[in-house]
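Multiple structures follow.
In what comes next, chain A is part of two complexes: it sits with chain B in the first one and with chain C in the second one.
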Partner chain A sequence: MTKTQIITARLALLALVLGLWQVLPSNNVINPLLLPPLGDVLSMLWTLLGQPRVHEAIATTALEVLVAFIIAVPVGATLGVIIAESPYLTAIFKPILFYVFSVPKSIFLPLFILVFGIGFPQKVAYAAFTTGFVVLMSAMAAVESVKADHILVARSYGATRGQILTRIYIPSMMPILLETIRIAMIFNFTGVMIAEMYASRTGIGHLIAGWGENFQMQQLFAGVILLAATAILFNEIIRSLEARCSTWRT
Partner chain B sequence: MQHVANLADRRPQPEETAIEVAGLSHVYDGPDGGVPALQDITMSVGSGRFIVVVGPSGCGKTSLLMMLAGLRAQSRGTITCYGRPIPDPDPKRVGVIFQEASLFPWLTAVENVEFPLSLRGDPKDERRRRSEAMLELVGLQGFGARYPHELSGGMKQRVSIARGLIQDPPVLLMDEPFAALDEQTRMTMGHELLRIWNATRKTVVFITHSLTEAVYLADEVLVMSARPGRIIDRIPITLPRPRTYEMMATDVFGKLRDRIWQQIRQVP
Partner chain C sequence: MTIRRPEPSTVRWAMLVTLLFLWEFVPTTGLLPELFLPALSSTLKVLYHDWRTYFGALLVTLYEVGFAMLISCGGGILVGALIGGVMTLRNLLLPVFSSLYAVPIVILYPVFTAWFGVGSESKIAFAGIYAFFPVMLSTAAGIRTIEPHFILAARAMGATTPQLVTRVVIPASLPTVFAGLRLGGALTIIGVVVSEMLTSAAGIGYLVTLNRTILESSRVFAAILMILILAVAYFMFARALERRVVVWQAAGKQPQQARDTTATVPVTATA
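What follows is the complex of A and B.
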């Protein structure tokens, strides 16, 4: 199959799904109360995007995601690098981290509510917690991907510790770090959504949870489309950056 | 090649000593008193000489090289390089070329070569100019913009040699630099190395497993015993220079190779 054929097939599949989403509910093959036709959902999305209440929710969620991300990535990455660089810390923390990593983080949500309440700080703290974990684990893997040979070569040319960090560690770790940032954003977004849907007064997650409880399916699906589009967009931006690094990834 | 011309001007005096090793021993930390890797190595390398070290696998050749480069501290004994000890790597005195080319995959060939210069903050166009000249010296003009994965094994090793040469250290330490190459490329590279050595007159300590390569390249071959490595023979290679492929078929060449083989084979 050529590339064009594959792309055509993908677009056809997408068109089919969207078409069915429109046709089946409009003809009552699927109950439109459960799945409203795509056209209705899109016009609802348009209406919602005009409402101040929704603007405010989007702004809140976006800020929560952003702040959690800004905290989780550097903190997680730094801790991961520090632990991975020290054989002692690795020996102590690695098994513990693996145990904790296997536990679903959402069970800690009630704890976060007890400590931080249900406002902005709690959303940020919870999302940063879940994301920071993933970043930390990936950063450790990234450090392990640095080749001892490369460090030796740099040392033989008299590289200082700082130069070894900036000239060897950072570029060696870059492919994994970019991948990590992408995955971190997915976890981060998920964390904020879960926290908002669980208990909140504002935010997209809160709106979606409310629409679900009140059986407002058009609004619910409009929200889902909005979130999916945002997440995919971000993912693709980072992926295009990754692709630019892949010239030397082999 | 103004760069190389400069070098020739300060061509070292033959009687000058480049590397002096006295009573060098090394034990790696470990259970039961550790792993004795080197024992009582004493050697003296005259400036501009080409010394080849051979010995069974695991006898401590790489360890010795690391210590000569200041990359690893020895347990006992002294190493001096041009009269001074070398506790840390000193690229002004010693350049190292490792078994694997170990090029940085995120840099192009020319950027790899100029890496040592960029570490010490040389101006960009100056180091680019010298880097291009080095690539030319190793026969890779026009390949500077390629990334390592776009180069063959032999080309990578040439880039690695160019990177080792660019700081113009008087001493070059090479740890089985051609081991990963096929026989044919290996012979060509050995020949190229002699040409470069002849143009730059560096002091070379070269480790290899190939006896033919040892005899072909060396002024003197040092034979090491199995671990803990000691020097059990020093064989002067009196073949005239420049060396040619035809010499390999001669009696003298065969006898020298045989002598090394006898030494290595006796190793318990």
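What follows is the complex of A and C.
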């Protein structure tokens, strides 16, 4: 298949899904109380975006996501690089990390609530905690992706430490670092959402949970569309940067 | 002269023992209030006295995990194999699914509770979907790593298509399938626990939330401990199974490499 054909096929698929979402509920094939037609959901989204209450929730959530991200990425990356640079520390921690990964971090939410209450600090602390592990793991992978041969060649040509860092480490690690940022953001967003849905007074997650409990399906789906679109948009932007930074590899 | 550093595994055990030690003595000596961190002994006491409650909750959770795994692992591995194996589908759909993966699935949970109620059905649906995407993506990626030489060699020696599938494709994709089971099971457990904590009336996650709201910290920690044990036990079980089944893969490779193929955890969303 050519590129145009693929894109056409994907657009057709998208149109089919969206079309069914509109047609099936409005003809009562699917109960519109359970799945409101797409048109109604979109007009509800438009209404919601005009409400100050929703503005406030978006601002709160965005700030939580941002602060948690700013804390988690440097801390996780530093720890990851320290561990990966030492074979001894790698031997100790690598097996532990596999276990840590299979444990649900959300069970520690009650701890965060006991320590921080249910406000802004608790959301940030929990999201940074869940994100930190991912960043740590990816940072380790990033260090491991630097080829020893490249360093050897650079050294034998007399490269200084600074040159090795800027000319070998950073370009080698760049694609993985960008991927780390992308995946960290997925986790971070999920962490903030879970924390807001679990116990909160503000934020989009809190609104969504409330709409779900009150069976306000139009509002609920409008919120889901808003969040999903934001997440996908961010993801795609970073992915295109990633593709640009790894062209030299092939 | 250098001091010999202790073996990494010794350090790990020492860390575990220290952790348990701190868990017991930090609260009992009053460094942290028991409300924040109840001592290990009082947590275990709760489990001992109330084992019926906790065991009953565990059964509910396991039941939900079992059904959700049918969706996440069963569905994820099948769809992943199909998408990874068929060129057209791969070009068409794989990028779409990797974009969708960015969406925090947890925002769909209110939809599932509205559709299926607060019983087990909504947990099964949520955890199934939550773990489906990572399993599917990792299977689709793994299925492409089958050595083309294997298929070429079998063809050259005159294998029929059924022979090719049963003797080459299925054995060669087993490592991928088992990696999918390990990943999918872990994520399914996470999904079930998260959804039980959010809105439910049964299960271990529910015990966490229920006891948190009435500030019974030792009961919260008893439930947390059970979930930790469940997650770690599943991980060890899945990895042991994986090692046993894919042992032939290690033949002729360096031991280090062989171990790495079974121990690689793809970076996936664990909430």
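We take it that the second predicted complex is superposed on the first by the 243 of 250 C-alpha atoms of A that agree within 3 Å, B and C clash if a C-alpha of one lies under 4 Å from a C-alpha of the other, contacts with A are read in each partner's own complex, and residues count from 1 in each chain.
Please note the rule applied: a contact is a pair of C-beta atoms (placed from the backbone, for glycine too) under 8 Å apart; a residue touches a chain by one contact, two chains touch by 3 or more.
These numbers were taken from a predicted model, which means no experiment stands behind them.
Because the two structures share chain A, they can be overlaid on it, and in that overlay chain B and chain C fit beside each other without clashing.
Touch criterion met: A:221 reaches chain C, while chain B stays clear of it. Of the two partner chains, neither chain B nor chain C is touched by A:243. In the superposition on chain A, A:29 makes contact with neither chain B nor chain C. In the overlay built on the shared chain, the residue A:174 is in contact with chain B alone; chain C does not reach it. Once both structures are fitted onto chain A, a short way to say it is that chain B and chain C open up an angle of 90° at chain A, using Cα centres and rounding to the nearest 10. Between chain B and chain C, it is C that contacts the larger number of residues in chain A.
Of the two partner chains placed by the overlay, neither chain B nor chain C lies in contact with A:49. Look at A:153: by the touch rule set out above, it reaches chain B but stays clear of chain C. Between chain B and chain C in the chain A overlay, the least Cα distance found is 13 Å.
Shared interface residues of chain A (contacting chain B in one complex, chain C in the other): none.
Those residues of chain B that touch chain A in the complex are listed here as 69, 71, 88-91, 94-96, 98, 100, 102, 104-107, 115-116, 119-120, 147-149, 167.
Within the complex formed with chain C, the residues of chain A that make contact are 1, 6, 9-10, 13, 34, 88, 91-92, 95-99, 101-111, 113-115, 130, 134, 137-138, 141, 182-183, 186-187, 189-191, 193-194, 197-198, 205, 208-209, 211-213, 215, 217, 220-221, 223-224, 227-228, 231-232, 234-236. Within the complex formed with chain B, the chain A residues making contact are 147, 149-150, 152-159, 163, 167-168, 171-172, 174, 247-250. Contact residues of chain C toward chain A in the complex are 5, 8, 11-12, 15, 35-37, 88, 91-92, 96, 99-111, 113-115, 186, 189-190, 193-194, 197-199, 205, 208-209, 212, 217, 220, 223-224, 227-228, 231-232, 234-235, 263, 265, 267, 269-271.
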